[in-house]
Every structure is written in structure tokens, then in C-alpha cells.
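One chain, subunit A, links the two complexes that follow: it is found with subunit B in the first and with subunit C in the second.
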Partner chain A sequence: MNASTEPYLELSDNPVRFEAVNQVTNVFFDDSNKQVFAVRSGGAMGVVVKGSSEDIPAINFRMDDKGPVISIKFSLDHNVLAVQRTTTSVEFMNFNGTTIESEYTQNCKKNSSLLGFVWAQNNEVALITDHGIELYMVIPEKKALKHLKTTSATVQWFVWCSRNKIALLASSHGSHLQPILFKPGTISKLSKVETEPGRMTLERDVTLATLYDVPAVLILRHQSGPQTAEVHVHTLSGPGQAPVKSHVLRLNLSGRFAINVVDDLILVHHQASRSSQVFDIALPGESDGTVTYHKAVAPARSLKPTSLKLPGLVEPSTHKCELYSPNWVVFQPNIVIDAKLGCLWHIKLCLPVLCSQISDLPLCTQLTLKRTCGKDVLLKLILEHAKLPKPSLHKLQESSNHINSVYRSWAEAELQMQTASPPGAPPPSRPPSPPRVLINQADIYQQVLQKLDKEDLLQNLEWTLISYMTSLSEFGIPAEHTLNELLITTLVRRNKFTALMQMLQYGVVADSKPLACLLLSLGNLHPAASQLALDMLARLGANEEIQEVLLDQGQLLSALKLSQEGVSPRKFLEAAQNSGDPALFHSTLFCFKSSAQYAHAFLKDERLDTFIQHYKSLFPDSSNNSNSK
Partner chain B sequence: MTTNKIEVELKNFFIFNSSWDSKEGEEYKKVLYYYPPTDEINTQVNNVGLVEAIIKFTGNFKPNAPVNSLHTQKKRQLYYQPEENYWMVMTLNLPHVAKSRNGSTVNEYLEEDVHDTVYEAVLKQAYLMYRLFAGTFCSTEKKSDVSHLRNKLEHFFSAYLKTLKLTHCDILNVFAGIHFLPLDKQNFLNVQCFINSLECNYPMIRYVSFLFNDSLIWSGIEPNDMQIIYQYLIGTLLPAHMETELQGGSIPRNPLSPFASLHYGRFITGPSNLKTAGSVGKIPKIFLNNETNPSVFYFIVYRALSSTVCLFIDGETDLSLHLFKELDEFMGPKLSSIASDIAEYCTKHITSTNTPDGAPRFIYFNKLNLAYKSTVHLDNRQTGNVACNKESIKVMADMNAKRALMGHAGETIVKTMNDYWIVGKISNLREFYIAIQQKNASLIDISDEVKKICDTELKGIFFHPM
Partner chain C sequence: MASNCEVEPGAAPESALVTTDSYENFQQMSSSLEEIKNSNFTSSTQDEFLDNCNNIDSDLHVNCSTVSVSSQDEDYIRDEEWLGKSKHIFVLSSAGKPIYSRYGNEDRFASYFGIMQALVSFVQADDDSIRSMHAGDTKFVFLFREPLILVAVSKTEECTSQLTAQLNYVFNQIASMLTLSRLVKIYEQRRNYDLRRLLTGVERLIDHLLDFSEQEPAFTLGAVQCLPLTSSVRDAISSAIVQSCSKIKNLVFGILLANNQLITLVRMKKYCIHPHDLHLIFNLVQASESLKTAEIWTPLCLPRFDASGFLYGHVSYLAEDCQACLLLLTVERDAFFSLSEAKQRIVERLRRGNCLEAINESLNTKEETCVDIGFPELRHYLYKCKSTAQFHQPSMGAPYTINCKRLLDLYRRAHYRLHCPTRPLKLLFERTSEDALLAWDTRGFELYAILEPLTDTGNAIATVGRLLNWIKKREDKLFQLNAPTF
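Let's look at the complex of A and B:
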């Protein structure tokens, strides 16, 4: 299997195994607690509850068989078990972790038919009937429920999202969709989901999900005729969490679909073609102003084949699992259950493989920037691209732009947190959450640029570095010293001194003393480097360093003219002495001797005596004259 | 007062090789090129012979540095030995004024008007320009033969000498500097990225240079080569192209697709109209790195809006029309957008050089990157269009000729008879000349004025304290 058709989605290696559905066993899944209930003979033969991972120990208990179970769910704190066996009532049982202790029942209002129930809070349960919602508080100690609130609405079916505590009530054959938000002790209606008038919706075509921390209603829309199906994404992002139809996913297929969400990517499984597509609503797409139309980010691929190890009599055998089986049921966010096989899997995304199938680097960058573990993948991706013999620098830069856009806004947010706000201003609400993938200059330096720092890749290093620095500059982020230094050394190693000079001339490299020193060290090879170094020092106002340079070049007078504040006379006198120019020595000595600042140094500092002596040897006639001063 | 001034003019120009022994009567074989062709063979041989004699004679006194020039009352002769034994000689008639004295007219020759340094530079540049397009004398002679060299010289110089504007030569010829566009970092980096992607996609492009109007933004080739190419572009190629542009309206418009990205590019050397061209046509070849590692490159110039891109393509490359089309597609839209960004920046940030008439004028030159800037000259075309009197510029040339006296750093101030003050400053291998016209000014006034100019014009560079 080559890289281009490798599957990027896979099922978890260790599925949760449970007793498969048969004549005596019924299987239920509670998507609030993510638990699978295998109920044998209505509970009399035992109930096995498994969590979403094999690591969580299973719960075993027995309960009386009072008829077929319709729905079974633990409260969120596992203290109470609720079982629905009829369309009028729910039974509650206090649970101590191993056995059921007591039972009590709650009927729904008269003439209502119970459609289901959900645990809204630890001790609050909502019964959803065809006439609306009844919210009760469960009081296990009293073995009783207390009525909290009732909302009336016509309901044909409902979908529950435990994460956001939102229920979507459907009436008029699903053409009327009403989201309800549950808060402790209360429920409130949100604005209804705007759909095309009269357009009916089936329960199985509606998914409640969370995309980038925003609750969303995903509705599969099958089209008639040659048109293919679409997923309409209504995010609850309007005022008062009103649903807004903001994205449409174009599936280019028709038939039966199932939807999962992994790492804020929407996976759409298609049963007929046994393949899945991946969508990201954060990516740009065609837009009509309010709705953005998305295409799959990569070609559709089948899930990675998986198999089960079955203990055998002689040796364990393996069973190849049927993918996209008709026995599959999917739950949010990323759970797939095969009830016949007794398996619960989690769908996982293999980001590097997905990226390898997206040919456009900037697109891929945008995608990985939003993924929880995208950082290493993205850095590798950029490195790979930069290593190509003919990298597309344009794409590389665009990609850097996406990275730096995140980097910039994070840096700004952080800065805002640090700056003192004026008294009276509201305190910053809360520290901004760091972006999922934050790639700073050190990351690029260590993970990309340093890895390009090889003789045969120097050209690529130069290209990549410059395109990255261009992008930094575009986002107004000053480049760090390591990058500036790398730019200089790379250009020097590539013998592109002319290029380096122009870079400095146009201020691509920010001034700093270390860089000025680096340039000075290049001065032997390229005289222009010394000139640029002096310019840089002058801009930095580093008079002391300039004096050193001038002294080094034997320009003693210029150094002295620059400043006489806080210099060491000895250094200058030594330089004057070494110059072998008596006149220069004379001027230097007298300059210091006649200065109020330094005159006393000649009395104090014995080391200066040697210069007086030297002066006397140079000008024997005037030595008396000099002493008298 | 109408003085009838005759400007400096070219008397003759010749190239010979002094090493070729000549039998008596065959001395003319030494002469490789001679202008004007109207001079008889005998005159040519005599002139060459005289020069050889002068060179030999003066060589006795100063063997390590050959003679540069010969001053006579009416003429000036300049010598330049670009390659061993090859000599280029230029003789100028000094400018003169006819003055009537005691009823008879006497020609007064203005020796001071002709600077050796300036015309030495003109001579040297003639050689460098030749070498750029034809390679060294020596290599041509070695590769083929003398007659081939003669043909090449004939071909090049008969055209080149016509373009010399001897009257308007001044200190700028000595510098032969490059005018850099003062651009911000971002636009510069955008240019840089454009060039990188060009070099990355087309590895046969060895170097790229980028100009905006008459100013250089980026040069991938060494400054000494760029210097000559710049002179060629600014002095010859681009002005010629502008003329055709003005006549023909070169901006190709495509009314059928108003949404296509703006694309104004076209080749200046190479096929100018890609739609109708049947072949690539003649592409100029140039010789670069002559001093270290001479190599031949195709010289392709592409222009969009005001931006000019020079591509130096490996001389071995097989150029196809397809390549040109590809390059055009690649560069056109990108270059057009970069050019308009730069233009926008320039209109916003670079205030026009319309300094008021009486304001001080200056010339700046940095020997290390060959950058120059002049507010004395009103254009880069060497048309004699200057903003202060010619005398000041001549004083500057004098200062420049004597700059060795100043060492690392120094300052010279000269006051002329007509209230011009000329200040020359040297520091850190940079030269800065200022001309100020101010009546009744004191040295202190001028010193202050100079300080002010330095503070604004030399911002951000180290200039030695005075």
C-alpha cells in the first residue's frame, strides 16, 4: 500500500468487548457515560456494564426481570441506575457500586407517552415525552423524585448531546427542530433550527456535536435527482446560542452516511463505498457571505482494516472485522459499535498520513494548526517540503504566514495579559487559552532550520530562512537573534557576501551588538563588513565599541574625538606609543594631561608613568617643560 | 557676454598591443582599433608610436606605475593598460574659448576643466563595457585570432564611442555608482522571495538583479560587474526601451478577460512578443567574473510596470521559446504585483527630490557597495542637467582626486568666487560632497548647515567625528 492511498482513519487497537446481542442478551449504550450495558434476560441473569476502555473495570450486578428494557442509564455519578421499561414510567434504583439497594418509580404526566429520558445533572433527570420535557430532581436518600420544571412542546423524537446538555426536539416529521438547553434546575428553549420550510428530517440524519468548542447541529440532507448529499452544519453561535447555518459539507456521494467527530474534524462515513471523508469547518471554502461550502480535505479513504484476536482451543485465531458493517452504530463523538460482534471502537485520526495526502502545503498547514497534536507533524511537514530539490517557496511562505498569524495573535494576547490595565477597567476575563499548535521562532529554528544546516542543503536553508523571515516581518514580529545570526552565517558560507550586504543595507537584520561583532569578525575577508558593523554600532549608540574598533584600525584621533568620557587614557597612550608617531603621542598625552577629568590620573596611576618616560625619551628637550605642567 | 566656447571633444581613440614586434613598415599591425577611421594609416602608426615612446620613457622614472595621462596646451591624452601589453589611449581636444585680444582672436584652452580622474574613468569604463559583452582582449586573441579581435573591437567601439557624452562627464563617472532604492524591509523581502522562487524553479538562472525605475533594489552579482551592467541598463538599454514603449504603448491589454490577474510583463531582451515570436531571436551574451573565473551568461531583461528583472542564465543553456513563455507566465503576475506595491510605497514614503532651487546639493558615494546618491544631478542620464553650477562639481572632482590626503577621515571646505561653498567629507570609505550657495556666510554658518544635512542624509551610518 503506497503512501498516497494509505488509510488515515483507524479503529482503536483494543476495542471494548462485550457480550454480543442474542436471544437472551440485549445491549444498550449510554452516550452520556459512554457505557455499554449487556443485559441478560432482562437483568435477572446479570447486567455487565463496560466503560469506553478495557482499562475501566466492568460493573456487574443483577436486577429483577420486570419486562424488556427500553433504555438503561446510570446517573452521572453512578449512584442511581435508571431503567425504562414502559412508555409511561422510569424506574430508579440506588446503586452502591456492586448491588442495587432500593427501587422507586417516576411516571410521566398522564396522557403523555415517554420517548426517553436523560440525566441532565448528577441528580437531575429529564423525562422527554411527546408533550414536552419534565425535569425532576432525584433524591436517593428519600427514594423519591422532586418535580422541578415542565416545558411543553410537541415531540416526535429527540437527540441528546450530553457534553453540551442540549436536547434537540423534533416535531412535524423533523421539519421543526427545537434545541433545549439544560442548566441545573432549569431548562430553556433556544431559537429553533432554521431549515427549509416543510423539509422533513429523520432522526438518524441528525447529529449533535461540538466543533471547536461550539455546539453544532449537523443535518444530513439527501438530495433528489443527480445531486449528491450534503451535511448542513448549524452552529449554536448566534445571539443567545441561536443556531446559525454556517457551513455546508459537500459529500459528492449519496446513500447512507454516518457522522463522527475526531479532533474537531467531521468524519462522514459512507456505507455503500465503504469509505470516509474528512471535513474541517475551520478551513476556508467557497462562501456566499453566510454559508461556507466545504470540500473534503483529502480523497475519501476506507478505515484501516482491523482484526480481533480470538482465543482458540489450540492457538488464538484472528477474526477480520467487517468494516462499515450494517451492524455498526456510531455514537458521538468518535465511537463505533458493532453489536453483533460485541465490539466498541474509537475512531482515531492518523494526522501524518492525512497530511501526506493533502498536496497543498498551506492547506495542510491550516489543517494541522487546528489539531491537538499537530505541532510535530507540521514541523516535519515543513522540513520535508523545505528539503525538496525545488521547494515551492511561495507555498512555504504562505504556510509560514498561517503559522505566524497564530503566533502573532497569541503573542498579542499574552502581552495584553501582562500589561497593566488602568484602574477601573474590567480585569482581563481569563488568561487566553493557548492555541492548539503554537510554532514560535525557536521551534522553526530547531526543528526545521537546524536540520537543513548541512552542506548539501545550504541553498534550501537560505530559501527557507528568508521566506520565514519575510513572513515574520509581514506579521510585524521581530526576528530573534538566532535567526539573524543564521542568516548571516548561511550567506557567508554560501559566499554570498553581496547578498548579505544588501540584506543589512535594507535592514532585514535587526541591529544588535552581537551581530555587529560577528560582522567585525568578517571584516578581514570583506572590508564592507567592518563598515556595516560600524554603522550598526553607531545606530546602537555604542560609542565604546566604536572606539575599540577605531583604535584597532589605528585611527586613534578619530576614536578620541568621538568621546573622551570615561575612557582609559592608558589604552589610548599605548596605541599612540605603538603607532610610532611622536606627534600623535604628543597630542594624545597632552589631550589627557590638559583635561580636568584625567589630569589627576597621572598623579594617582603609576602605570601612566611609563608614558611620561616615553614622552621624555621622545622629546628630551621639552621634558622639563612637560614635568612642570 | 557671448563667449564662443568649444566643448571638450574626442580627437582620437585607439587600442594597440605593445608586445608585438613589428618589422619596419609593418607597425600598423600593432594597431587593433583606431578612431577616427578617417586618419591615414601613417598618422595612426605615428600616434601609436609616439604613445609607446612616452610610455617607455616615463616607465624609466616610475616603473611600478605606468603613465596615466599627458597634458599639453591643446590636448589631453589618457592611457590605460587594461590587460598586459594592451593599451587603450584616448586623446581629447581641450575645451577652449575664443577671445579677442588686441583685435586678434586667441584661443584660450581650459585645461582645468578636464579632470584626469574623470576621463580615466571614462576610458576604463569603455574597456569594462567592451569586456562585458566581448570578454577580454586576451581571451579573444587566444581563442581565435587577431583579426577576430580587430573585428570585435571595430564592431563594439564604433558604436560605443558615438554614445559617449564627453561634455557632461563629471565626478559621477569616477564613481560609476549605483543608485539604490531606499525601500522598506518588507518590500525588499518580497523582492527577495520573488527572486529566490525564480532561482529555485529555474536552476539555469544563476543570478538575478532587480531594478525599479533607475534604482537598483537587488543584485545577485558582484558589485563590480553590476556596476557596468547598471551603467548599460540605465544609460542605453532602458532609455531605448522607454522610447519604443512611448511610441507603441507597450502595455498589453486583454479586454476579453478583465478578471485575469494583472500582467504587464514583457521581455526587453529576448522575444518581445511571445504570441507572435517564431523563435527566441538573438539573446545577448555577457561575460561576468572576468577577474576571477570568466564565464558567459545569457543576459535576459524582463520588465513589468516600472520594475526590471535581469536574469543571468548559464551560457550553456539551450534557450527555447517554451522557456520564455514559462518565465513570462511565472514572472508576469508576480512582478506586476510587486511593482505596484513598490510604487505605492515610493509615492507614500519617498518624497520627490524636488528640493528648492537654492537649497544645498550633495553627492554621496560609498566605495564598498558602490552606492551613490546625487541631488546635484537631476537625472541619471548624463545630460548635463544639474542643479548647481558646474564649477562646484569640478571642485568636487578635484577633492575626490586628492582624497588620499585625508586618510581614513577628513573634511575639506572650499569657497568659490561666486558664493558657493563646497564641502567634501570622507569617512569610512564613504565620500560626501555638498555644494551650498549662500551669500555672506561664515565658516561657522556653513559648518552648521553641513551638520544639519549630515544629520538628515547620513542617518544610521557611522561618520567620523570632525
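Let's look at the complex of A and C:
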């Protein structure tokens, strides 16, 4: 299997195993607690409750068989078990972790038919009937329920999203979709989902999901004729959480689909072709102003084949699982259950493989920036691209732009948190959450640039570095010293002194003292570097440093010209004496002797006498000069 | 500084020296001699020169050394010392015959002269003239003055016009020995004439002139320096010369000089001497040791005064105990004895007026440096008064006591910046890591001041202002302000 057809989606290695559906066993899945209930003989033979992972110990208990179970769910705190056996009532049982202690029942209103129930809060349960919603508070101690609120609506079926506590009520064959938001003690209706008038929707075509922390209603729309199916994404992002149809996913297929969400990517499984497509609504797409049309980010691929280990008498055998089986039931966000096989899997995304199948680096960068563990993948991706013999600098820079856009807005948000707001201004709401993938300069330096720092990759290093720094400057982010330093040493190693000079003179590289020191040390390779260093120090106003450099270079008078404040006459005179240039010594001595600040030092400091003696030996005729003051 | 503009120390209404710009055209030459002779109704002619010229023809002999030249050329090409000289000066005839080379024996690289001649005539063929060639740091400067070609090959910092000026001095030095008319005549008669036969002894003068012009700012400035004397002494000396010579006819100039400095210059009414001619005289006096022991009578052509004929000079030092040299220049060929008597009278008068002592005192006094006169930040300066073509400089102080060549280079460069024909500056202030230079050209004077490198602009201007006032106070001592006549 070569890289280009490798599957990027896989099922979890350790599926949760439960007793498969048979004549005596019914299996239920509670997607609020993500629990699988295997109910044997209506509970009399025992109920086994398994969590979403094999690590969570199973709960075993028995309950009386009072008829077939329609639905069974623990309360969110597992203290109360609710079982629906009829279309008019729900039974509640207090649960202490091992056994059922007491039972009580709640009927729904007369003439209503119970469609289902959901645990809205720890101790609140909502009964959804064809006439509306009844909200009750469960009081286990009193073995009773207290009515809280009733909302009336015509309901044919409903979909529940436990994470956002939103229920979508459907009526008129699904042409009216009414989202309901549950809050402690109350329920409220949100704006209706705007659909094409009269367009019916099946329950199985509606998915409630959370995309980038925003609740969304995903509706699968089958088209008639040659057109292919689409997924319409209505995000609850309008005023008052009103649903807005903002994205359309073009599937280019028709038939039966199932939808999962992994890491805010929408996975659309197609049963007929046994393949899955991946969509990201955060990526740019063709847009008509309000709705963005998306294509799959990568070619459709099948899930990675998986198999089960079966204990055998002699040796364990493996059973190859059928993928996209008709027995599969899909739950949000990423759960696949094969009831016949008795398996619960989580779908996982293999980001590196997905990225390897996206040829466009900037697109891939955008995708990776939104994934929870995209950082290492992205850095590797950039490194890989930068190592190409002829990397596309344009793409590299565009990719850097995406990275730095995130970097910049994060830095800004952080800065805003740190700066004091004026009195009276509302305090910042809450600390901004860090972006999923934050790649700063140190990351790029360590993970990409340093790895390019090899003799045969110097050219690539230069390209990558310059495109990254260009992008930094486009976003107004000052480059850190390590980058500047690397840029300079790289250009020097590539013998591009002209380019280096231009970059310094046009301020591409920000001035700093360490950088000036680096330039100074390059002076022996490239004479102009010393001057560039001095210029930089001058721009920084670092007179002391300039003076030291000039002194070191023997330019004593230039050093004195710069400033005569707080210098040591002895240091200068010694340097002048060592230079062997009598004129220089004359000028230096004259400068100190004629300066009001230092003239008295010649009277006090005996060590300076040697210089006057030296002067007299140099210019025996002009003893006047040294005595006159 | 504006207030000081009025101060023009050393300015005088009339001058014995022709006031001059340094790079002025040297071609213009007056014919003063004829005037003088005619005005005095003398009938002396130039027959003598013509006679000489005729004699030359019979003296001609073929230069036999040319056969071996080519092989010896190579010696010089390989001679590091010869190649390493910073400035070569060559003189050749327009036919390409070698006449003078500053270094080495010109016969040994005669083919070089051929190349130089070829370059000049090649450009001339297009009715053009070659002035200079530049190859790296080396300048090749050409001066073609009928009938001679003069070439300077220089690695020094001097500019082309300064090198051209130097070549002109060399030409004038040759002309002063022969007169221009005779020079032209010789070549008219015989293009291949080997002029060296006539110039024996002059080579030494040219050598000296070249060294002299490189060491003395006087040549750069086109001015002369006066020996500092109080005005009463100077006037007494002048009047001593005037009175002693009052009865001698056709005496054109009386010049008293010492140690390359002018003491006084007495002149015939209406006639002035050009500083360049005076430089030649200074050169002659300095280069000729023999003058110290005897009175000499010598024909001398002053090319800027009159290039066509000779003046006759009585040259002698005043006395054993006074090393000032007196020149009495006349148009009369046979006035030696009357001038010799006049000289004796002058010495007597001077001795009586205690002027010899004054001269000796001034000669023996070590001149003040800038520090001595109270300008510690001033290292050295040149002040040239334009109206009298005289200049003053202090004694060399530290640090230029060790490297005075640098000082002269600085002055030459500054002078060029103020006088360059394309973009002359009026005021120049330049600070380098070694020195600060202020050069100022006004209508009345030129001032070149070298200051400590850390002097700032305001200080420099203030110093220069004070300096001008200081010079003004002593102008009658430092300059000859009147131009006495016979």
C-alpha cells in the first residue's frame, strides 16, 4: 500500500466488546454517557453496562423483567437509572453502584405518546412526547419527580445532542426543525432551522454535532436526478444561537451516508463505495456570500482494515471485521457500533497520512493548524517541504503566513490581557484560549531551521528562513535574535554579503546589540561587516559600545569625537602610545589636556606622567605644549 | 566670522609682486625688456643670442649611445628603486630627444621618450592635446610647450593642475637659462638638436627646483614669504638700496633675501616681478653654493617678466656676518663694476643703520609656533595675502615636526579644492581622523588652517577669527607692505 492510497482514518485498536444482539439480549447505547447497555431477558438475567473504553470497569446489575425495554439510560451522575418500557411512562430506579434500590414511575401527560426521554441535567429529565416536552426534577430521596416546565410542540421525532443540551424536534415529516435549548430548570426554543419549504427530512439524515465549539445541525440532502448528495451545515451561530446555513459539503456521491465528527473534521462515510470523505468547514471554499461550498480535503479513502482477536482453544484466532457493514450504527461524535459483532469503536484520524495526501502545502497548513495535535505534524511537513531540491517559496511563504496569522492574533490577545484596561472599561471577559496549534519562532527555529543547518541544505535554509521572516514582517512580528543571527550567519556562509548589507540597511533585520556583536566578529571575513555593526550600534545609540569598538580598531580620535564623557584617559593614551603614531599620540594627549574635565587628572594622577614624558621624547622641541597647561 | 571679513592682514595698495592665481596660463609673457631699453634709449640688441645659435650648429655631434639603448631599457624596467620613485619628471624635445630625467640617466631609456613623444604627437594630429592619463594611482601629465615636451609620472596625491604647474616651473627654469626665443630658434634650425649640451649645470638647478617646489608651500600658493622685520628696519633697508643705486641707470630690480624669505624688493617704476620668477631666483640662490664666496655676474632670463631676453644679475651675499643675498638685476650687460660698487655702498649704509644685526637677529630667532602665540588647538596655518602675493606661515610645531610631508599634502589638496576649475570652493572645513582643516578663500586672502582633529566647527571659526586679528596686528612685521621704487 503506497502512501497515496494509505487510509487516513482508522478504528480504535481496542474496541469495547459487549454481548452481541440475540434472541434474549437487547443492546442499547446511551450517547449522553456513551454507555452500552446489554440487557439480557429484559434485565432479569442481568444488565451489563460498558463505558466508551475497555478501561472503564463494566457495571453489572439485575432488574425485574417488566416487559421489553425501549430505552435505558443512567442519569449523568449514575445515581438514577431510567428505563422506558411503554409509550406513556418512564420508570426510575435509584442506583448505588451495584444494585437497584427503589423504583418509581413518571407518566407523561394524558393523550400524549412518549417518543423518548433525555437526561438534561444531573437530576433533570425531559420526556419528549408527540405533544411537546415535559421537564421534571428527579428527587431520589423522596422517590418522586417534580414537574418543572412543559413546552408544547408537535413532534414526530427528535435528535438529542447531550454535549450542547440541544434537542432538535422535527414535525411535518421533518420539514419543520425546531431546536430546543435545555438549561437547568428551564427549556427554551431557538429559531427554527431554515430549510427549503416543504422539504422533508428523515431522522437518520440529521446529525447534531459541535464544530469548533459551535453547535451545528448537519442535514444530509439527497438530490434527485444526476445530482449528488450534499450535507448542509447549519451552525447555531446567529443571534440568540439562531441556526444559520453557512456551509455546504459537496459529496459527489449518492446513496447511504453516515456522519461522524473527529477533531472538528466532518467525516462522511459512504456505504456503497465503502469509503469516507473528510471535510473542514474552516477551510476556505467557493462562497456565495453566506454559504461556503466545500470539497473534500483529500480523496475519499476507506477506513483502515481492522480485525478482532478471538480467544481460541489452541491459539487465538483473528476475525477480520467487515467495514461499512449494514450492522453499523454511528453515534456522535466518532463512535461506530457493530451490534451483531458486539463492538464499539472510536474513529481516529491519522493526520500525517491525511496531510501526505494533500499536495497543496498552504491548504495542508490551514488544515493542520486547526487540529489538536497538528503542531508536530505541521512542523514535519514544513521541514519536508523545505528540504525539497526546489521548494516552492511562494507556497512556503503562504504557509508561513497562515502560521503567523495565528501567532499574531494569539500574541495580540495575550498582550491585551496583560495591558491594563482603562477604568470603567469592561474587564476582559476571560483569558483567551490558546489556539490549537501555536507555532512560534522558537518552534520554527528548533524544528525546521536547525534541521536544515547542514552544508548541503544551506540554500534551502536561506530560502526557508527568508520566506519565514518575510512573513513575520508582513504580520508585524519582530523576529527574535536567534532568527536574525541565523540569517546573518547563513548569508555569510553562502557568501552573500551584498544581500546581507542590503537586509541590514533596509532594516529587514532588526537592530540589536547581540547582532551588532555578531557582525563585528564577522569583520575579519568581510570588512564591511564592522562598519555595518558600527552603524547598527549608532542606530541603537550605544555610544559606549561604539567607543570600545573604535578603540579596539585603533580609531582613538573617532572614539573621542563620539563622546568624551567618562572615558579613561589612561586607556586612550596607552592605546595611542602603542599605536606608534606620534600624531595620534599628540592629538589624544592634547584632547585630554585641553578638556576641562580631564586636565586636572594630569596633576593628580601620577601614572599619567609617563605619557607626558613619552610626549616630550617624541616632540623634544615642543615641550611648551605639554607644560603650558 | 563675517565681521572678520574686513580684516585682510597684509593687504597693500601696491605690490612689487605680480598678484597671481596659481593655475593661470603661463603662456602669457610680457616683453618688458624692450620697453626698458627703448625708454632709456639704449641700443643693445640680441645679436649675441643669434650668434650663439649659429655656433651651435657647428658644434653638433651625433649622439652615439643610441645603439645600445634598447638593451639597457630593460634595466630600468626591472629596477625596483627607479620604478618605486613617487614622481618622475621627463623633458624631451618635440622630436623625442631626451633632455632631462629626474632620476636615472635619460640615455638609458631613450625609447620611453619615444613613446611619450608618440603619445603627444598622436593626439596632436587630431588638433587636440593630451593633458593627462590616469592608470590606477598613477598619473601621467603632459605639458607641450613648443619646442619641448614635459612629462610627469606621479604616484603622489597632487592633482593634474598642480603637476602641470610643476612642469611649467621646469620649463621656465630651462627658459631662464636660455631665454625662450633662443630655445625656439635652436629647434627651428635643427629639430634633432641635443639640448643637453647647452644645459650642463642646469640639471642640478632643475633637480633642486623640483625638490624645492615639493617642500615649500610658496610654490603651491604662488606667493613668497617675507622675513619678519619691524617696518622701520625694512624701510631703512629699502631706502639704503634705493639711495645707493639712485645713479645707476636701467636697474630693474633689487632683491634682498635670506633663508628663502624676502627681506625687501625694490623695483623700477611700472615694473613688477612675478612670484614664479622670484621662486626661480630663490632656487638659483639656494642651489648655488658658489655665491657665498664671491660676487657673481650672470645673465638671467625671467620668463614671466620677459621670456625673450636676459637680465643681468649681480649676485652676492651681504657680508661674512650676514647671510642675506642681494641681487641687483639690470638690462645692461656690462654694469658689473658699477653694481659691485653700489653693493658696497648698500652694505655700508646697512651696517651704519644697524640693519645687518636686525636681519641676523630675525634669522637667528626661532620663529614662533601656533602654540607659542596662543592658539593651542591650531597646529599650523598658511595665510596668503592676495594683493601682495605674500604669505606667512608659523614655525612647524608638533606633531608635524615628525611628518611635515603630510602637512604639505594637506595644503596642496585644500588649495586644489579651493581652486579647482570645475567647482571651486569658497570655504572648506574637513575633519578626518588625523586632523581638521579649514580653508577659506576670500577676495583679499586665502587662509589654510590645520587644527586638532577634535575641534568642532564653532571653535574652528572662532580660532580662525582670532588668528586673522592676530596677523592683522603684526602685518607690518610679517609682510612688506610698500613697494619701493628706484
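One rule holds for everything that comes next: the second predicted complex is superposed on the first by the 589 of 629 C-alpha atoms of A that agree within 3 Å, B and C clash if a C-alpha of one lies under 4 Å from a C-alpha of the other, contacts with A are read in each partner's own complex, and residues count from 1 in each chain.
The criterion applied here is as follows: contacts are C-beta pairs under 8 Å (C-beta built on N, C-alpha and C of every residue); 3 or more make two chains touch, one makes a residue touch a chain.
Keep in mind that what you see is a predicted model, and the values were worked out from it rather than measured.
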Which superposed partner A:Pro582 touches (first subunit B, second subunit C, both, neither): second
Contacts of A:Phe590 with subunit B and subunit C, given as first, second, both or neither: second
Partner, of subunit C and subunit B, that touches more residues belonging to subunit A: B
Touched partner set for A:Thr150, first subunit B, second subunit C, both or neither: neither
First, second, both or neither for A:Leu618, with subunit B first and subunit C second: second
Touching partner for A:Ser473 - first (subunit B), second (subunit C), both, neither: first
First (subunit B), second (subunit C), both or neither touched by A:Tyr506: first
Touching both subunit B and subunit C, residues of subunit A: 555, 558, 561
Residues of subunit B defined as touching subunit A within the complex: 180, 183-186, 188-190, 192-193, 196-197, 200-201, 203, 218-223, 366, 368-369, 371, 408-409, 428-430, 460-466
Residues of subunit C defined as touching subunit A within the complex: 369, 371-372, 376-377, 397-403, 406, 431, 433-435, 452-454
Of subunit A, residues touching subunit B in the complex: 390-394, 397, 462-463, 466-467, 469-470, 473-474, 498-499, 501-503, 505-508, 527-528, 531, 534-535, 537-539, 546, 553, 555, 558, 561-562
Subunit C-touching residues of subunit A, taken from the complex the two chains share: 555, 557-558, 560-561, 582-587, 590-591, 594, 618-619, 621-622, 624-625, 628-629
